[in-house]
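Only one structure is covered here, and it is reproduced in the block below.
For clarity, chains are labelled A, B, C and D in written order, and residue numbers in each chain start from 1.
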Amino acid sequence: MELNFRSDNEAPAAGKILDSLLEANRRTAWSYGEDQWSNRLDGAFSELFGTQTTVIPVSTGTAANSIALACVTPPWGSVFCHRGAHILTDECGAPEFFGNGLRMVGVDGENGKMVAAHLRESIRRSVGHGVHSYQPTTISMTQITEAGTVYEPAEIAALSAVAKEFQLTTHMDGARFANAVAALGCSPADSSWASGVDLLSFGASKNGCFGAEALLIFGETNLRERAERLRKRSGHLLSKMRYVSAQLLAYIEDGLWLELAGHANRQAAQFVEAVKAHPEARLESTAGANEIFVRWTPAGFAALEKAGIQFFLWPGYDDLARFVFSFQTTEEETVTLCEALRRSG
Amino acid sequence: MELNFRSDNEAPAAGKILDSLLEANRRTAWSYGEDQWSNRLDGAFSELFGTQTTVIPVSTGTAANSIALACVTPPWGSVFCHRGAHILTDECGAPEFFGNGLRMVGVDGENGKMVAAHLRESIRRSVGHGVHSYQPTTISMTQITEAGTVYEPAEIAALSAVAKEFQLTTHMDGARFANAVAALGCSPADSSWASGVDLLSFGASKNGCFGAEALLIFGETNLRERAERLRKRSGHLLSKMRYVSAQLLAYIEDGLWLELAGHANRQAAQFVEAVKAHPEARLESTAGANEIFVRWTPAGFAALEKAGIQFFLWPGYDDLARFVFSFQTTEEETVTLCEALRRSG
Amino acid sequence: MELNFRSDNEAPAAGKILDSLLEANRRTAWSYGEDQWSNRLDGAFSELFGTQTTVIPVSTGTAANSIALACVTPPWGSVFCHRGAHILTDECGAPEFFGNGLRMVGVDGENGKMVAAHLRESIRRSVGHGVHSYQPTTISMTQITEAGTVYEPAEIAALSAVAKEFQLTTHMDGARFANAVAALGCSPADSSWASGVDLLSFGASKNGCFGAEALLIFGETNLRERAERLRKRSGHLLSKMRYVSAQLLAYIEDGLWLELAGHANRQAAQFVEAVKAHPEARLESTAGANEIFVRWTPAGFAALEKAGIQFFLWPGYDDLARFVFSFQTTEEETVTLCEALRRSG
Amino acid sequence: MELNFRSDNEAPAAGKILDSLLEANRRTAWSYGEDQWSNRLDGAFSELFGTQTTVIPVSTGTAANSIALACVTPPWGSVFCHRGAHILTDECGAPEFFGNGLRMVGVDGENGKMVAAHLRESIRRSVGHGVHSYQPTTISMTQITEAGTVYEPAEIAALSAVAKEFQLTTHMDGARFANAVAALGCSPADSSWASGVDLLSFGASKNGCFGAEALLIFGETNLRERAERLRKRSGHLLSKMRYVSAQLLAYIEDGLWLELAGHANRQAAQFVEAVKAHPEARLESTAGANEIFVRWTPAGFAALEKAGIQFFLWPGYDDLARFVFSFQTTEEETVTLCEALRRSG
């Protein structure tokens, strides 16, 4: 029993993903993405999403996000995202690096979400001084958000509509896209292109892969060349790309990705109930998937730690912590956590 | 039997490397390089090289090379390398991208090697116009070279000495460093820092790993911060870095890397003999390790292809081809190739 | 009579500046800043500021600011400035371009000024997530501010002290430095290095020059090489640099710069009195120098325009306007403006 | 008498150019290129060149060249130019900086000129390795060349034709475009767009201006936005742009530019005759305009220097020197130089 609720990044890879690696490892294969696994990606994802989808496999979410943003944003363009967005606060300026000095603009919003009114106002304030100002170009939302909440398709559509109002492109950082879709019970399409998303960073590493992410470009597009150039120049065209592609194929085969995410979400839901029942601790935001933020006393958190529970005290806080559940969190671990919480009340 | 002599990039991963992945996959581990495998890298490589070594694990050689060059070269600095160097001709300007517009300067040389006199002349021609010219800053040699030849330690030392003469830093792109060390029978140190190399891109993907490379910085250094920043900003700090680090540890444990490379070299050596014995085909350069370039008639190569042999006709040529041998090339495959060559004579 | 109160950027050049151009134009001179005028800059500015000063002449404030910031800030470093700062809102990302993707961080503050508490809080929030976050590196304040207010030396010192607390460098965008010094009646030193400023963009174009600005680096420094490289690579090393340098020398000779700025300030002061005496119009901020922001009714402003007065309605507002006074605003023009305001009451 | 034959960059500004500055300095004018002089540029140059021309005024040739190249070349694109081209060897990587790491490729050629066969071969060698290689995108020729020779319209057309063969864009660095047109006696059109040039850096600073260059984009274009963004971000949108624009207008009015250049060329022609008549000294290349390269003995050059003649010994040589003639080189100075040469024979 591990009792590690620090991050789904700390989970190992799932069995079927490992199997896909073994399978891909049986013999030689062409390099630099010209192998049989990589060649199947466009087809497999097009089927999954129900629309023509161009797939650029990479090994990190930062790469997927940065290539996506740099693909559609000129150096003098700006990207609007929530002020707590990972691309804004946790990638050390990777979007700025890939995008040769593009600008990230943080937008306020409760529960980790942008809302249409704030977004529109923020874009509007940025327009109108010609060549002296950055040109609003792109919006990016994170699914699930950095606050652990989930954008409903209608919310995504509302933000995309604002983007289109100003001729902006819509990107989604789907680091935990699987958890969102599992939580929403909607189709992958509904949470993406059918709600106006143009490019999606489809995360897989956090939900059972070793290191595999896919940048998806929806619809007919002339962006493939740019995306592939950016990938090559940034060192993300792996010589043995087949191993990334094989993970991705296994990940979406037979709904494995939703099965893994659903399990994680269910563990989280049990914990949510335990927090709600607790006399002192409380949820920081409307928890929707596998990432739960809890407000509590420093003493309370200390007691949990003493009980052997690992979690993540939020930087700069002693009364706010994050608990993340993964595909491999066991029922027993979840129960132990809930018990420890109850006892530390 | 595969008969694929196209590239060692097309070989799968070795059994012991796969085992290391399985081992690292047993439970949770801290993310972003703070795991127990990553933490052991500095120690393990310092021991292997016999000097203090800072290790920056990444998943591609392009990343290792580009981070290395950008670490020591300002945007207005130039990097001198052989005119056929991979970093110059095959990375789509990744060094320029990471280095914000640094300049690569190609130096002539037989057999894929720079020689001291040409290098010195090339540096000298670049100096002396102050702020109007790029500032010569770095040299980079590839081991084994793009022509399949191997730099002797004395040759490395001679080039490094030229670099030091002008206060330049010395980098080695060691994509096939293992094959070189196995061929030379020298110590890893002799082929690197002890001959004046300051930074080494230590390749592993081509010789049995899934995707693992290590940027090594020798001696006491203040470059770690820069290297780690560049890695993060370029999206190469994997959340599950343990899987890269575990491969690297297994790769250098008990001499596995030299064992795998030695096997590949021995297969290549048999082929070299077959080429030498052939009435028409001839070696393009002094083959030293696992990569053999052969000049022959288009008809000859066509006959080989017809015999089911896969190899790489060099872009722009119909009478020059590359044959690469890997850790998994079997004796039987090598014999079959040599036979096919003999018969096509 | 021109009645143009739109911007001091719209004023012509002053007579003595023109004379300096004529003087410099008499014969040949070495190019690229190796002329006798450029060679005198370090000495002249060192004397003016009472400390060793390195001078990098350029022709725009954007160049001076961007070279300054890129000189001291790595691509993964951040620059803290007021949220309304010109470098943040009006240079289309020039600092990001010169700085290869550094980040600008806007800090709140009344009257266009940062205050120590907000600045400290803003820096603190940015620290502490290691390689994942930008590294706070630099602060920049604008003198006079974008709200037309003037930083007192004590205020500058307080902000610089916060910078030093976190080992940050202090830059001042002195586009209207002359107006500030004239208004404060202090020494140039007191408004800069003696209050902790490390680099100053010393503006001259707005106050009587054709196009001349100087990046000043105070004290012993190893930044000259970086600054000169950045200037060359960005195309700001003029072949006929003498004409910029000659302007700068004339500008600071015999206090011309303060004389011109003082005149502009005095005209502005008359207008301030007129606004204060007005029943409806009011000052938007504590006007301190030559740039006055006025809140009034759209009808009021329309009446002024009808009276032939040119001023700048602030983008996005119909009840806020800027009036700028320059060295060449005549008494008569000022009186006419004040009269027109009074009549439009 | 100055006897300065070092560079036309060292000449002062011409009288009529100075007059244009005085004229533009009479009153206020809108800033940032929205003044009446800047507004007339498109029209004036369209008339001069006989085709629709978009004008981007800047103050240095490096800015004009770099904006031009970055406008049409992606970061993964390459620019082919003569191996001695100023943009390759003397701008410290400004094109790479503006172009975010684009690559300059030097092409061999006698007399400072590229020829079609070499250019085609050089482009061909760069094509064909997909995303791993830079994408050939642009060619650039310098008029007059760095060897002082002049491209004939037919030669320009031949190079442009090669460019079009590969879908590349053609740029001309016309730092001394005036001297070329004066020498050729052709129309400005013939030496540019009518021979296939898409973008021209139209130089003026070396031929009588204080600091004024114009990037010209010929024909209908969607590049204006990109060019203006690059100009702003690089700090080249002068607040008082009228002074640059006024110079440019005066420069091309009534053929002043050709008159000034013609004078310089004629002085140079006298010197060419003197060199031809000299027993030892000889022309390094077919001198065509105002820049003459001479091979001679070190002792010979020393004698000239002793005679008070200023010229430019080529970096790295003691037997090669450059003599440049400008609009203000007097007959008397030329005669004195020729005499000194004769006497030093």
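The rule we apply is simple: a contact is a pair of C-beta atoms (placed from the backbone, for glycine too) under 8 Å apart; a residue touches a chain by one contact, two chains touch by 3 or more.
What you see is a predicted model; the values in this text were computed from it and never measured.
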Length of the shortest touching-chain route, chain A through to chain C: 1
Most distant chain from chain D by Cα centroid: A
Separation of mean Cα positions, chain D and chain A [Å, integer]: 51
Between chain D and chain B, distance of the C-alpha-averaged centres to the nearest whole Å: 43
Approximate Å spacing (C-alpha centroids) for the pair chain A, chain B: 34
Set of chain D residues in contact with two or more other chains: 32, 75-76, 91-93, 97, 100-101, 131-132, 229, 232-233, 237
Chain B-facing residues of chain A, complex: 2, 4, 6-7, 9-13, 18, 21-22, 24-32, 58-63, 66, 91-94, 97-98, 205-206, 210-211, 229, 232-240, 243-244
Partner chain D, residues of chain B touching it in the complex: 75-76, 89-93, 96-97, 99-104, 125, 128-129, 131-134, 315-316
Interface residues, chain B side, partner chain C - complex: 32, 74-76, 100-101, 131-132, 135, 226, 228-229, 231-233, 237
